[in-house]
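What follows is a set of structures for review.
Shared between the two complexes below is chain A, which has chain B as its partner in the first and chain C in the second.
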Partner chain A sequence: MSKLLSVGYWVFFSFILLFIALPMVVVLAASVSPTSHVTFEFWTWTLEWFGKLWTSKWLDPFILSAKIAAIVAVISGVLATLGAYAVAYEKCPGHDAIMSFLLSPLAVPQIVKGVAIVLFLSSAGLFRYLGTPGLIAGHIILTVPFAVRMIATSMYNFDKNLDRAARILGASWWQRIRYVLLPLIKPGIFSGMTFAFIISFNNVPLSLFLVRPGQSTLPITVINYFEYSLDPILAAVNVASLLFILAVIFLFERIGGFTVQIHGGSK
Partner chain B sequence: MRLGGTMPSLRGYVPLIPPVTILMMFFALPMGMMIGLSFQDGDTGSFSLTSYERFFTDDLALDGFFRTIVMSGLVAVCVTVMSYPIAYFLARSTSRWRAVVFALAIAPELAGVVLRTYGWLIILEDQGFVNDLVIQLGLIDRPLPLSHNMFGVVVGLTHVLLPFGILSLLTNIQGIDPNLEKSAQILGASRLSVLRHIILPLSVPGIVSSLLIAFTLAASAYATPALLGGIKFSVLATMIYQQVLFYINWPYAAVMANVLLVIVLAIAFTGARLESRLNSKLHVR
Partner chain C sequence: MSAAEIADIELVGVTKSYGGNVVVVDNVSLTVPRGEFVSILGPSGCGKTTTLNMIAGFHEPSSGEIRIRGRNQVGVPPEKRNIGLVFQNYALFPHMTVQENVAFGPKMKGQSKSETEEAVRSALKSVRLEGYESRYPKELSGGQQQRTALARAIAPRPSVLLLDEPLSNLDLKLREAMRIELKEVQQQLGMTFVYVTHDQEEAMSMSDRVVVMSDGVVAQEGRPSEIYQNPVSAFVADFIGKSNLLPVKQARDHDGRLTLTLGGGLSLVSERSGDIPANDITLCCIRPENVQLARKGASGENLLTGRVDKLVNLGAHAELWVDVSKDCLLKVQVPVRRLQGIEIGSHVDLLIESAAIQPLAH
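This part shows the complex of A and B:
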């Protein structure tokens, strides 16, 4: 009985791991299969679909997405550091309530935030800000709470005695920020920014409302193309953008020095 | 720190000005406007409940509403059931495979929802991977309806949300003292009864939080139901999108968005209360 249970557990366990890996493996195989028929006969595999990505049809949305994600990562990094500084480091009066406000966008579904922002821009006569500026504003709302949470955690862990020591040794306020606090919370800031970059780059529910013709992000372009066919070029686009994300994480990790343990958090 | 200044206490709030302004402008204000708009008459702009009345008498809208609930419920259960063994393994294993399983469990988050949905489409389509295989093996002669229906959407969403379930169960199970299991085993309890009488009861808070987070995220997902569900599969998220971009009926879109918001907030709120009650109960023992 016990043995049966144990076998059952491992079978179920392997099934789940297979379930998790399967779609990724299939997309990888699809991106190198010669036809739209996915094949695992690796001797027929080809990179021709990746070659076809070098057209403005795919490059333009990719560049726009990367640009928006970079801007969003930097702005939300700055905003979140400021917010976390006041709330988690200085612990200004009412910091709990302010923290809840900074995290409040997390409680609202993305699609609801998207509707709210598009209605706001439209009815305030700011229609022309749909597209890139709207996308940046929307994504910032989405990413700031995550970044605040990550940076605040590293501020909570900061040993205040270091600050005291620097003060006794005569460091000014700015010197203490610049040479004591910032270097120590740098990993937190960079993991917050990396997270912001990934969320923005992959985002669908908000971007859906904010893109406009000629200014469409990569995931939205891919989704719109879905409706026509399951062209293997889509698999190539997806694999390429995953590789890009991995490269960005690697780069940020190099600069920021956070040891990656990307946690999910809620969307 | 206090470099003079007559109101030192206000200085602490200065860094908050940029983030709070941005959140006010692009979050609080738009949310307020959207909620206000849902209570407005489309033509005159005066207060009215007509849009809500329309929603709760519109068969198609109600159909989408209930489909959202059923879909999210199914996804919540699937996510939790499938997360549990993985989370338990991650919490207790000391083998070198632990890191591999952890990476595999969390990595899909990096890939984004579009890649994963695309993968499932290739797998589940009529001419897809699974149907190809099963037909070639001669088990059936017509493709199984695996996509463009509830089944496909639940599979896709379960895959997207598994990391959330795994992480919330992992935190919980890591908090359970492994000595409890060991002592029960030493006292002669079978694996099954350790599971039933010790681990499962103690991980109820983790199970609840996994169910809740999966439910709320499933209810607000757009891409997976839209792509794997097909045109006829409407849930609140897809209906909201259509109202904004095709019918351009903003008050009605605002009503649907508010209904979704209320569902999500209500579940998050009752969930948080339930969780804290469960936790305090467990710690009293």
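This part shows the complex of A and C:
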């Protein structure tokens, strides 16, 4: 019986893995397709499409997206750390209500948020901030709840006795933050920043409203291109973005060491 | 007053209340001279931890004064008090090695690199933890973590060291060994230790002086043997060691000898008239080891006869519960070798020295 269960478990598990991996396999295969019509031929492949990415048509949006994502990650990291400090660490008056408020943007559809931001900018006479400043601000609204969530969790898990121990050993408020709190919540901060980066880099619904003509983010460029043609260059863009995101995650993990935070410390 | 006479810690009428009506610590006064090992002992909720937190500066007293080496500390934050504190859960910094943990205090106090290194070396030497400098707390055993916590607390050379039930997370064997070590470290450094615990054995075995607290007030204060032999109240007698607390119906004083009439027609003679007027005596306390098995046919005062109701063999000695009258069970501690011929239901004769009967008012 238990053997049957175990077999069933592995079959089921493999299906899930396959379900997750298959689209990526298809994209990967398409990105090396030998013809401009997407075809799958195991024996002939080309890197030609990746070479075509090396033009300003694709490079400019990529650089813009990466730049915005990096700025968004840093600003949301700082804002979310400050917010989580007040709410989760110092437990300021009304901290439960403030926490709900900080997480509330998650409940508003991104399309609605996009419309709201555009309406606000135009009615406040700030239309000129569409484009990069608007994208950064919009993405921060989107990413802060995620970052707050992750950083607050690491603050809730922080043993307050460590702060008391540091205090009785003569550490000032800033020294306690600098030498005890920050190093211990660093994984939380970096996982929050990683999420912010990925969310910003991949965002479509909100960016649709905020990009300026001629100054588009990578996902929006992909969508625009997709309206007119479906060729392996789109697959190549996806594969390249995927590799880029993986590299970013790897880099953040090297600095922040947040693997423990994400999969519960099996390391 | 010369410098040597200034006490390390003085609490003067310290009170802590919350919301005006919940009084956690009530008018506690305490003087701890330099180099003394004092234990604050009491059950949970007696106010001992609050008292410790007020000395450390984490809580401010509602009224009263706390002085450390003669200086009033009210309003001084913990980081400026130059006090060491060992936590129950050790509170070691998990992201720092033993070396870094112990160096934290000297470093925060702005000591130079060589001073810090010297402080760390001597602190680790005191707790015999040399060679573990580069380990992280999670790589240490409970006892080693405990030593690291102690080393970290003493490294900045605090004027006093507070210990908050530091041994309660260790197993019994280790706890007993650590008691001896703690005392040794304290004597070596000549540092004032204030040790908070609910474990009377810990308090008795290490302290120069014990302060028993109950419901926010000091119930009794004195040398361990003094407290054990002359408890001033039923609470102290019961909390420190084992005792028989027998209700007294009437007490009469005859030139320093008290005749105590108990229930069930029993009467005992005590040599300790003490400070309590005979009319106020309501109880008497008899330690189980002060009740002896009498030879058959013995006679004299304080001789009781009873039936063994329970017998618990504890290895070196045994505890008998003897039914001496209708509603009076007497706990008796006897060496196991004297148990021959005694079993549940046997009749035994018991003899109590008149000096071992302590009359109590409450």
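Simple rule for what comes next: the second predicted complex is superposed on the first by the 234 of 267 C-alpha atoms of A that agree within 3 Å, B and C clash if a C-alpha of one lies under 4 Å from a C-alpha of the other, contacts with A are read in each partner's own complex, and residues count from 1 in each chain.
FYI, contacts are C-beta pairs under 8 Å (C-beta built on N, C-alpha and C of every residue); 3 or more make two chains touch, one makes a residue touch a chain.
Source: prediction; values computed, not measured.
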Chain B versus chain C as contact partner of A:125, first or second or both or neither: neither
Contact breadth on chain A, by residue count: chain C or chain B: B
Which of chain B and chain C A:101 touches, first, second, both or neither: first
Chain B versus chain C as contact partner of A:214, first or second or both or neither: neither
Partner chain(s) touched by A:30 [first = chain B, second = chain C, both, neither]: first
On chain A, positions contacted by chain B and by chain C: none
Residue ranges of chain B touching chain A (in the complex, touch as defined): 1, 3, 9, 12-16, 18-20, 22-23, 26-27, 29-31, 33-34, 37, 82, 85-86, 89, 101, 104-116, 118-123, 125, 129, 132, 159, 162-164, 167, 190-192, 213, 216-217, 219-223, 226-227, 237, 240-241, 244-245, 250, 253-254, 257-258, 260-261, 264-265, 268
Touch list for chain A against partner chain B, complex: 1-2, 5-6, 9, 12-13, 16-17, 19-24, 26-27, 30, 37-38, 78-80, 82-83, 85-87, 90, 92-93, 98, 101-102, 104-105, 107-113, 115-120, 122-123, 137-138, 140-141, 144, 148, 173, 198, 201-202, 204-205, 208-209, 219, 222-223, 226, 230, 234-235, 238-239, 241-242, 245-246, 249, 262-264, 266-267
Residue ranges of chain A touching chain C (in the complex, touch as defined): 159, 161-162, 164-172, 175, 179-180, 183-184
Chain C - residues contacting chain A, complex: 56-58, 77-85, 87, 89, 91-95, 104-105, 108-109, 152-153, 156
